[in-house]
Amino acid sequence: MLAELRGLNEECGVFGIWGHEDAAQLSYYGLHALQHRGQEGAGIVTKNGKGLHVVKGEGLVNDVFSGDALKTLTGRAGIGQVRYTTEEGRGAENVQPLVFRSMTGSLAIAHNGNLVNAKDLKESLEKQGSIFQTTSDTEVLAHLIKRSSGGSLTQRDRVKKALSMLKGAFAFVILTEDGLLVAQDPNGLRPLSLGKLGDAWVVASETCAFDLIGAETIRSVEPGELIVINDKGLHSDRFAEPADRAICSMEYVYFSRPDSDIDGINIHMARKRCGKQLAREVNIEADVVTGVPDSSISAAIGFSEESGIPYELGLIKNRYVGRTFIQPTQAMRERGVKMKLSPVHQVVEGKRVVMVDDSIVRGTTSRRIVKMLREAGAKEVHVVIAAPPLVSPCFYGVDISTDSELIATGRSVDEVRELIDADSLTFLSAEGMLKAIGRPAEMKNCGQCLACFTGEYPTEIYADTVLPHEKEIGR
Amino acid sequence: MLAELRGLNEECGVFGIWGHEDAAQLSYYGLHALQHRGQEGAGIVTKNGKGLHVVKGEGLVNDVFSGDALKTLTGRAGIGQVRYTTEEGRGAENVQPLVFRSMTGSLAIAHNGNLVNAKDLKESLEKQGSIFQTTSDTEVLAHLIKRSSGGSLTQRDRVKKALSMLKGAFAFVILTEDGLLVAQDPNGLRPLSLGKLGDAWVVASETCAFDLIGAETIRSVEPGELIVINDKGLHSDRFAEPADRAICSMEYVYFSRPDSDIDGINIHMARKRCGKQLAREVNIEADVVTGVPDSSISAAIGFSEESGIPYELGLIKNRYVGRTFIQPTQAMRERGVKMKLSPVHQVVEGKRVVMVDDSIVRGTTSRRIVKMLREAGAKEVHVVIAAPPLVSPCFYGVDISTDSELIATGRSVDEVRELIDADSLTFLSAEGMLKAIGRPAEMKNCGQCLACFTGEYPTEIYADTVLPHEKEIGR
Amino acid sequence: MLAELRGLNEECGVFGIWGHEDAAQLSYYGLHALQHRGQEGAGIVTKNGKGLHVVKGEGLVNDVFSGDALKTLTGRAGIGQVRYTTEEGRGAENVQPLVFRSMTGSLAIAHNGNLVNAKDLKESLEKQGSIFQTTSDTEVLAHLIKRSSGGSLTQRDRVKKALSMLKGAFAFVILTEDGLLVAQDPNGLRPLSLGKLGDAWVVASETCAFDLIGAETIRSVEPGELIVINDKGLHSDRFAEPADRAICSMEYVYFSRPDSDIDGINIHMARKRCGKQLAREVNIEADVVTGVPDSSISAAIGFSEESGIPYELGLIKNRYVGRTFIQPTQAMRERGVKMKLSPVHQVVEGKRVVMVDDSIVRGTTSRRIVKMLREAGAKEVHVVIAAPPLVSPCFYGVDISTDSELIATGRSVDEVRELIDADSLTFLSAEGMLKAIGRPAEMKNCGQCLACFTGEYPTEIYADTVLPHEKEIGR
Amino acid sequence: MLAELRGLNEECGVFGIWGHEDAAQLSYYGLHALQHRGQEGAGIVTKNGKGLHVVKGEGLVNDVFSGDALKTLTGRAGIGQVRYTTEEGRGAENVQPLVFRSMTGSLAIAHNGNLVNAKDLKESLEKQGSIFQTTSDTEVLAHLIKRSSGGSLTQRDRVKKALSMLKGAFAFVILTEDGLLVAQDPNGLRPLSLGKLGDAWVVASETCAFDLIGAETIRSVEPGELIVINDKGLHSDRFAEPADRAICSMEYVYFSRPDSDIDGINIHMARKRCGKQLAREVNIEADVVTGVPDSSISAAIGFSEESGIPYELGLIKNRYVGRTFIQPTQAMRERGVKMKLSPVHQVVEGKRVVMVDDSIVRGTTSRRIVKMLREAGAKEVHVVIAAPPLVSPCFYGVDISTDSELIATGRSVDEVRELIDADSLTFLSAEGMLKAIGRPAEMKNCGQCLACFTGEYPTEIYADTVLPHEKEIGR
């Protein structure tokens, strides 16, 4: 489905590089490849012999780094982030990487994920005298590192001690004046890959960033692993015992780019297999298969191939929809989704249409697309979703808000079908999805997090765990 | 193929509306739907009881009409244009619609096409004392109308007389204080459709503009027709006898949006049939079919369906590439096309790939994509083009520059294949294309212009006919 | 008085240069020095061997020529204009220089002034088939030049013939591919000076432009003179017999910069002498003299010097008031003029204040300043104006709108005094002003235009002569 | 002298308001009046029942608060700051007010001044685990307040305890959810005034802010005073015993607006008296007196009045010089200061000119102005400075950099005269300046800081006290 059409957003994407003379520019390209993970803000911090340099701002990577912005980012190491921000207006101060300066050395941190014990940690830190200037979890880590400075601890040990106090989903890239540190939570909830470009090391949320800059993918960062990269090379350490691997299923289903791989599995191929599996699980008499662009195209191709029903471009995405879009008149507003998506009349007219999508969140968009297809002449509209129903909120960095906003929570499939006015509605089974994605069957849930589909969370959840979009400390 | 990746550009798209209280806003949406036809400039002129109001500027529709710009465009009638400009810096004064003010009433004109006798007409007009302020053909029409003002001629007759002097390709929408005038050249070279939205009349270069605003498509404007719309209704007139219908083939092959129809034929379906026909004309042993996004996807689907070779997303388009893109380092530049297009490794690795595209212009981009697929692991790359080779320049408003820039001019298919380093190269036959598109077989060339494929032009071509991008009067 | 505080605006300033390798940059600096003559738009056209190059836009000189704009303006000759536009929104197409392209050579024109027979000329030209794209008088000249192209006329003769048909106030700089042409109306109503920078010739509305670029002032352009500058040198010609010299008095009183000279008379010194003369014509018992910044400071200094009453900064101008100023609350709005002007309490508290200004237009601003001084503690406020009362509209390019807007029209000085709530009000006599400025006494009105003070116009005025801000042809 | 022409910059201006429904808008106007104290950044924080709201950014007040920015700043209390930043690029994160969020309530701080023990305090705080995100002294105060939270201390007591640890110059306005806190350092080094607007309390760096919004000036904030304003009213407290009053002399001489009062003494009048005193201390035969605009005009008027030499506008300031000014050619660059300042030829030609200025920093600008006056024809140029020579750096918030940059350090007056090529050079004596300004004679140095003139600092100076522009912690 179209990212713009629903409230389902990734929190961000991170990138890091060590040991390349074009560190800033490669970070820029890396963030560009990760742009789909966050369009609200972007930032890069580089390190040269004299300290850390930062450029960040609200907007797309291209906007933030226009003109000569990159030129000020000298040095052979850098980290960057693209960001999705939940609430308007609070963004500027939260754009990452965050930089923390100190007499004994500066620190920059970029983060993807969400901590479930952030509130507890903040309360405890504030009692010890810490002051928070942002509402982000990233700042919690910085304070914990600072506080861990007791005795003869090395910097790496301090970071390990701090990381070990965090609960939830996190992928951190940290740039200090001595090295690049990379950490993944014990469940490995968010994707984070390690690569190499000549002698330089690179890390990124998705491998598509490596492809763009010509780097080679080496492996995923391991759950509970702390990688320290400095001029002596790469050293793998551990700040926690690995828990059950639980990589976010929605990365396969929706977030990641089709050309990225996670743990060696290509996203497009995984989605196509989900589409095929779906075709095996359902039996629909229909004339054409169409996918809701962009993320459902792969599944639609797979569904078509398996079912033998021809694949068509029944829905076209408008490439020029931007932020500054002028408010439509009431008449236009009712046409709603049309500004972003157009039906191809002659494809659907008089036809029984299979509309493949990857998820239904609130249902409003699905209902509108179904309506649009019917108005364009579709005789029947069969909605098939290449994933199980979303029924539970995510506490790990995906903006699936609350139960009450999810149309499938507490409703039967048929009730949902009626609300979106489809002739039939089918969700892929959880087992089917796991099998189709094809991760190791010996792991629990094949090493995937299914929390949004099942309500079973791989980590502890605290009474006061808050969803990302609800965070705002100090009122 | 990607529009950004080659020098193949449509000159513009036009829109008009008469009799609706939201004339400006609907024009805005109409232009938005036509945005793919020109991204360099946009403008709207509306008419209220007190005269013509104009807002125009360089950039995308969203940029030009940001803020309160639309609010100044009051009135119940409007015309608009989106524009592609060939040379940087000369754009501002050429952005359309052009407005011509006079004591006896003002006139606004928007134009899509290119006149082949513009230079002759300008010379003659200048000799009579006319002054030109732009380099556009549109101004020629305005002067001819003004000059035709002899004796007792009505305005309509003056416009007819002026139009009858024009040779070449043109689709005009003209707004006066009395009415909306719409004219199509005698060969009907450029698309122009008539629609209805409630009681209001609308015209647009493509029917996708009607779909977006909820209007109904009525018919194409006829070759040689002058439609006059005013408060008394619509009146169809004729300024010239219709010549052989010769609608631009590249509209079907490349320019128009997949959800538009031209003369009742849907673009996506036409392209898909071209892909199928291509599959019939060639015999390739391969593992996957992939299309070069966006315009070749339809043909790729058709090719896959007919050939039985599975269709895959072998190439992903980067949606965030913008104008302000920072200059890459030399190392990055060599990776070239990668910023805009990414291969999906696991799709092509070790595979024999059929890469479907809609055209080859200079060949450089094709060569890069082939190379990119090979670097991603493709075992073989078979390029199939869902149209005949481009061998001749276009004088009718498409920026296919000169013979010497076209790789296929004076080269055999195998020579081109070698230059782009493909394992095989196949073009669709002209007959196959005409058949697949499916226009009336009884018409000459099925009513299509094949000039860029054959060098046979449907109109006279003058010794001094100049290509659009070469125009610059008065030095 | 403050330009921003009243409706008294100069139409524009012009600049030209021939024969210097930095033509564009020197034009930019020249326009910068003339910025006070027009803040709404700016443009420069240069000529190299290949034609004319133009950059123009709405806004200040610095805004229009930001970034690399100047780099595109190659060549050794250029003209430019800064412009004040009366009505918002119509500006873009009227920004000058206007460029007229033709097969036989292009032409760019910049203009300062206002034609009184523009409407007649336009009607006549339209009847002959001319089309107007702007509402400016400049376009009339271009058409007349084009129309004069009969027989064996040289370009210079055509320009002379065209100029001879114009009535009113005009200072033209014209750039063709062969030369720079400079013309002044037969009465010499608007200032225009000729200078030299090394071997290059320069022209400008005011000599302060010469000072900035280091050029030497040679002389004023003569009434009725056409100067032709080309690679052979400068040639002075004549398109009309000179009429009585009638340079705009308001240039001395208000518009021109204090460091400019007109006909060898320095503006600051002329104003200071007006202040002295005023002190001789009136007898006020007072404690301090203060001027309304910026234009009345010189007269205030003179008044103080002659009267012996100490000169003080009683009013401070806020330098940071810009266009984007946020709308004040009602409470703030009532404080009105305070955003732009602040009283210095300790200067005026308990004092009898002489407030020197250069003009009263509508009277609202004067009343507010008087009120502000009283609120700051002034015991008495005596307003003295270093010019006669404005009673008649200007048809020569100054936006003194209509009789009805001028507070002094049809009112006695005492009635005006009462309306602005001053303790006394004194205007400088016309004779006193002429004497103080010090132009040749043997000329009629010392060679000055006094129309706005007396209603006697130096040129014919037609029944349909329109004021600049009322111009809008063809509705 | 022109602020833009030398490296002498105020650090900032602050504003605060409590108890007015238009708090944000009045803060905006207040900052506008203080704009001359800092043009690099601006910010406002308001408080409504639900927390603190912040808008800030780089640029002028008008730029930062364009559009709807003010609308988000709801509430009846607000603080704001305008800021001068020493180094480009580090600005964004340092723009004030800074906001510190905490579980127990948020805090916003705006600051004018410079701490001399900042480095010590930071080191100590970091050792206790504090993390700094900016390089500003303001953050030090926030951490000290947070750290003071031991036991049963009230918020006011915590603030007092924190303030008592600070050494140097500081004027703080602090907004919490419970009140507005205002503090002045024990020497009262920076100006800070208290006023009233109806029932609302206001504070500002200068009284001109009160005049603009129509508020009444009540008194200066006392050295060592902490004012707490909340819904119960205003309560004056004390965090330190007052030391010798030592208000910055440069506020009288150069920084403050002529219409502001400090401790009841009007700036313009003080400067005029300095000019008079200077005329008494020197004996120059000359024809005209001219001041270097803007800040030296008052002194020049005084000098003229006392000496009897006529005051003239010998130098005109260009009002349109902006940031985006295009780089001049080499030839233009040599003309240097001319872009900002123009001589009036006829005023100085053949004359013996007294040029009054308020300070000489590096001497380069003075030398250029002298040269410009000579080139304009001045026969003699006598430079008189209405203050003593600047010889020592300032540690209290004025960017008078280091000894080595000050031309007068270690040079005799005649050596300086020779370097700036003046015919004579005279500085006002320190005693003359103190007498002319007219503060209480019974106080030490009349209650003024003379450090930059004498090198005697009113506070301790630490070995590691750093100048504002050298601050950058943790590299």
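Going in written order, the chains are labelled A, B, C and D, and every chain counts its residues from 1.
Going forward, a residue touches a chain if its C-beta (ideal position, glycine included) is under 8 Å from a C-beta of that chain, and two chains touch if they have at least 3 such contacts.
Here the structure is a predicted model, which means the values were calculated and not measured.
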item	value
Partner chains shared by chain A and chain D (touch criterion as defined above)	none
Relative to chain D, chain with the most remote C-alpha centre	B
Chain C and chain D: spacing of chain centres that average the CA atoms, whole Å	38
Gap in Å, rounded to a whole number, between the CA centres of chain C and chain B	48
Computed distance of Cα centres, chain D from chain B, in Å	61
Touch list for chain D against partner chain A, complex	50-51, 72, 89, 93, 98-106, 122-123, 126, 128-135, 142-143, 146-147, 149, 177, 472-475
Chain B-facing residues of chain A, complex	22, 25, 28-29, 32-33, 35-36, 60-63, 65-66, 70, 208, 211-214, 257-259, 261, 266, 268-269, 272, 294, 297-298, 301, 304-305, 310-313, 316, 318-320, 322, 324-326, 328-329, 331-332, 335, 338-339, 342-347
